[in-house]
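Residue numbering begins at 1 within each chain, and the chains themselves are lettered A, B, C and D in the order written.
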Amino acid sequence: MIIIMSNKAADEQVSAVEEKLAQMGLSSNVSRGVQRIVIGAIGDEQAVDQEALEALHGVEKVVRVMKPYKIVARESHEKNTIVDVAGIPFGGNTVQVIAGPCSVETPAQMAASAEGVAAGGCRLMRGGAFKPRTSPYSFQGVGVDGLTMFREAASQHNLPIVTELMDVRMLDTFLEHNVDVIQIGTRNMQNFDLLKEVGRTQVPVILKRGMSATISEWLMSAEYIAAGGNHNIIFCERGVRTFETAYRNMLDVTAIPVLKRETHLPVIVDPSHAGGKAWMVPELSRAAVAAGADGLLVEMHPCPQDAWCDADQALSPTELSALMVEIGGIARVIGRDI
Amino acid sequence: MIIIMSNKAADEQVSAVEEKLAQMGLSSNVSRGVQRIVIGAIGDEQAVDQEALEALHGVEKVVRVMKPYKIVARESHEKNTIVDVAGIPFGGNTVQVIAGPCSVETPAQMAASAEGVAAGGCRLMRGGAFKPRTSPYSFQGVGVDGLTMFREAASQHNLPIVTELMDVRMLDTFLEHNVDVIQIGTRNMQNFDLLKEVGRTQVPVILKRGMSATISEWLMSAEYIAAGGNHNIIFCERGVRTFETAYRNMLDVTAIPVLKRETHLPVIVDPSHAGGKAWMVPELSRAAVAAGADGLLVEMHPCPQDAWCDADQALSPTELSALMVEIGGIARVIGRDI
Amino acid sequence: MIIIMSNKAADEQVSAVEEKLAQMGLSSNVSRGVQRIVIGAIGDEQAVDQEALEALHGVEKVVRVMKPYKIVARESHEKNTIVDVAGIPFGGNTVQVIAGPCSVETPAQMAASAEGVAAGGCRLMRGGAFKPRTSPYSFQGVGVDGLTMFREAASQHNLPIVTELMDVRMLDTFLEHNVDVIQIGTRNMQNFDLLKEVGRTQVPVILKRGMSATISEWLMSAEYIAAGGNHNIIFCERGVRTFETAYRNMLDVTAIPVLKRETHLPVIVDPSHAGGKAWMVPELSRAAVAAGADGLLVEMHPCPQDAWCDADQALSPTELSALMVEIGGIARVIGRDI
Amino acid sequence: MIIIMSNKAADEQVSAVEEKLAQMGLSSNVSRGVQRIVIGAIGDEQAVDQEALEALHGVEKVVRVMKPYKIVARESHEKNTIVDVAGIPFGGNTVQVIAGPCSVETPAQMAASAEGVAAGGCRLMRGGAFKPRTSPYSFQGVGVDGLTMFREAASQHNLPIVTELMDVRMLDTFLEHNVDVIQIGTRNMQNFDLLKEVGRTQVPVILKRGMSATISEWLMSAEYIAAGGNHNIIFCERGVRTFETAYRNMLDVTAIPVLKRETHLPVIVDPSHAGGKAWMVPELSRAAVAAGADGLLVEMHPCPQDAWCDADQALSPTELSALMVEIGGIARVIGRDI
């Protein structure tokens, strides 16, 4: 950690910084330049309260030398981690595609969805029984029964299931239904109590990026899960909020290589929630795989126009199959497969 | 609701829109212009699934005519609502200032804080027993004991207490400790299960704006609380995330007049979390009151540099007292008092 | 155009809107709903002053039905336009790669650069003689001499040249040096006088997106050029400004399919200025081509670490050659070539 | 300047950094920690090419110790600078209000405008003869004749005039018309050639903030003007672009205290372009003055609904007079006057 002080800082102010550092267990090294005083702090940066240093008189800036994340950092684990979901590896050479409807509706819709997912060659299925909706007057999901419907439909095709957990009180129910992957949604990326609880299980977690979360904050949210003992974490980029209104969210394709450098954990992309329109999904999916994503999370509905939720962004089963061919080609160009 | 279609849309496509509207209980009115087909939908817009319409072939855009919020809308309730907190009115002529430390630390710190709050002339006290922190390795709050410490210190000066609820499982504990105002933090603005639960109580709620929430989304989150039966809602603007790095968050001062126009509920401002530095708090507080805020939520610590959390943004008791004088003057210029 | 008024609007207020529309040459059609009055305006929307309507009492919202751009709109020209640059087509089946250094430095550096560009199989060369720099104390480009150096080096390999025009007074000099493509940089996307002047020539223009320009504003800037008579316009996405600080700009990969839908003109991507680091360029380039970009604008320097400008983002000639192989593979997967 | 390297950096890599620094004229000081190698560079940071350092192998981050701006920095000039505009001081104790129409239209409109400005007690007048418009089909300003009309109307009331310069080729015409203050608009904040040219005059310049310019970039643009010899610079905050769509731009009220700390030059606010609606102007104006702005730039039109440009954001003369009373009150609370 480096503390930059004004060159007008009084000696007592410099001493106050050194004392504060000593209290935190760090030693210090002061160098006085013509225009600034620079203090290097030596020791465990994790133990440092940055704001307490910034609150001291004469301090202009405090610069971290270390990354704030530990377990999830590639620095601490050089090789890629493979997260195993019911025998299906995420983070290896194969690009995994998870497909399915936005929300669980009826047994018939789920059966048709599962069939479409399997027919397209996707290895896992998604679907929401609990839906986070901006309006209290919108459809909120079918609830617990949805988990049963989902489980049943997916089992017909041996598809592991991925579904969103919104309420910490529902975790046991998810465990009872043997949910294969717990999805933590965008709006809960910093619901720290929820992160801590899923951190106490060993169920693989897909952690979606918050609406305007920095990559660093996102890694720290994963660190909450990892710190609890659950290292089965998959990051999912799904677009962020910007000034642009021509589509729903801006897919941050740069986050893929940046994350792959910063963490050893797998990174997938949700092209459906990013753009918000079905017609953009093929281009965004291709871009994601080309940029190095380890998988995709794609919305597909047997009859998109009748979907109870996000009808405008789901692919049809035929469109999904066509997409799989394209991204297979792209994966092979960069030495991967699907 | 207005549906705009391409002028190349086939007759069947137009009919499909009309049928979909009929299914949703709306009648329609088609007008064919030279360049676009415009369909006016007549009936209850709340019942409409906008995405399902956007998913239909030939539809270019769907425009809402109505605001999506109801109970919280000024349209539904013209006069200002006064939210009563233990006899102290929010939303009336008086600008209410809530002050106190970022987090509850020790009985002595809370006693000194309460004394500073009362000495400054503030009528309510804030303090966090549970803290949402970006890092799992940062201080997470003292927990339930903090509520007891807080209650005790505040009672010495008859100050109602404001504290943040992060975990829905803690709600009963908050009720047992007679928390006067439940604060829903930035990261939980769209934690819909939490909103629903506080909506079932009658405890006044301060609803902070999400990091990059639009004003419309924020109103919809309040609608979740209101729809449950709890209309004692106070909005709190606390700065949003932008590209600027010269300070922590960008205080959205324009949100104050916009909210006052859109909703009948009170609007307060947190100048401390907005700027992130104590030295900016006076200017931001003055701006907030000048722009019409109904109150402020200010961090004050008996000894800022020793605060366990956000040390760089707390005012000292002396600085708080000076601030109260300034904002009192501004309040009077616009016909209010503090 | 649709004008939405409060249902409390007085008859005179509705009449005032109709009169204003009549003055603008549009007829109107009023429908009174239970909650809103909706006025449909019939006629040429381009002639309408939207703000003048919004200024009228009782008006809540004015919604455009038409796109504001005309010549550049795909609506006005369904097929892709091929922009011909010295015999090299942009917007056709071939993905065109323009490579070269950030800035022109010396004849030797330009000769080595041109050799690297040609060796990599790229068909055009980039290089800046005039550099827009945030600081007045940074290197500002070598100036007019740079154009001569550039022309000479590029001619050795028959490479058309692409270079940035910042000052309208330099346009004649650019024409004298037979610059093949004039680049309008990010900071000048809304320098309307500059746009008007290049619109009076027939030189192909690469129009970079403004730092936080919406796609609609960007199309309107192209419309300025097109309205002057120059339809040889190539859009260049180069990342936009957001809250993220892990890299320089956020490459908006979604803008590619959106632009391809909205305009008939070619769209290329600058992966170097987007990420700001050479190590990200391959992933971003692959993503851009996979998403449908018609070309790339890539920084390459014979010795990146010695570059006088943006040293950290240039590829070496070897890295450029490797990149060409990868993107060639991706282009073929989607039925294109390079 | 501090260079942070990986602790795995080879000795040659560290030496390469030291050599590069030596080439730039700086000496260096290497300290090897357990997890990082930190190199302190001693000497003139202005001479350093940061990207060249970041391009070196093993370098993770380069941190500036100094501010990049010099002449405009408060560090170089502690006291407030008073910019004198035809005898009217900006940056002193008096809050100066500049009012007038968005654009010059006709002699009658300008005469009525000037009367309204003077009647309201404002000391300067604004008006645009050249208008930067998103669309080439919108009204572009009346041009040079507008300067004559403006000059004439303003002279009747002894009002200095403020008007926007968009094209560097028009500078001489502006000088001939004795424009009292040249306004550089948002879209030209980084039109560096324009900045350099106005830097060669001594005419006071109002430098508006770019749509998404950081405060640091804005200060650097001022530095371009100052480096040319013209220190008569007034910053004008006018709202920035964010994700919010409830109003036009987000007024960055925090920029006021931050700028006042970073620079000795005056800072004013344009509340009209910020919010984009006349009804928000009073609240935003009050907030700006309360936060410490040295002046306001307000749109006023004798008949707002007939304005040729931005009709929805102009105050009427009566509204302007009422505003002046309110902000006079606020100015007095913080020890200033208007």
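FYI, a residue touches a chain if its C-beta (ideal position, glycine included) is under 8 Å from a C-beta of that chain, and two chains touch if they have at least 3 such contacts.
No experiment lies behind these values; they were computed from the predicted model shown.
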Inset, instruction - Any chance you could name the chains that touch chain C and chain D both? - result: A, B
Inset, instruction - Would you mind checking which chain's C-alpha centre is most distant from the centre of chain D? - result: A
Inset, instruction - Could you quickly compare A-B and B-C and let me know which has more C-beta contacts? - result: A-B
Legend entry - For chain B paired with chain C, centre-to-centre distance based on mean C-alpha positions, whole Å: 39
Legend entry - Approximate Å spacing (C-alpha centroids) for the pair chain A, chain C: 31
Legend entry - Euclidean distance of C-alpha centroids - chain A vs chain B, Å: 26
Inset, instruction - For chain D, jot down the residues that touch at least 2 other chains. - result: 212, 241-243, 245
Legend entry - chain C to chain A touching residues, read off their complex: 212, 214-216, 239-240, 242-247, 250-258, 261, 274-275, 279-280, 283-284, 286-292, 326, 329-330, 333-334
Legend entry - chain D residues within the chain A interface of the complex: 2, 4, 29, 31, 33, 35-36, 38, 40, 42, 63, 65-66, 212, 241-243, 245
Inset, instruction - Give every residue of chain B touching chain A within the complex, in rising order. - result: 46, 49, 51-52, 54-56, 68, 70, 132-137, 140, 166-169, 187-188, 190-193, 196, 210-213, 217, 220, 223-224, 227, 241, 278, 304-314
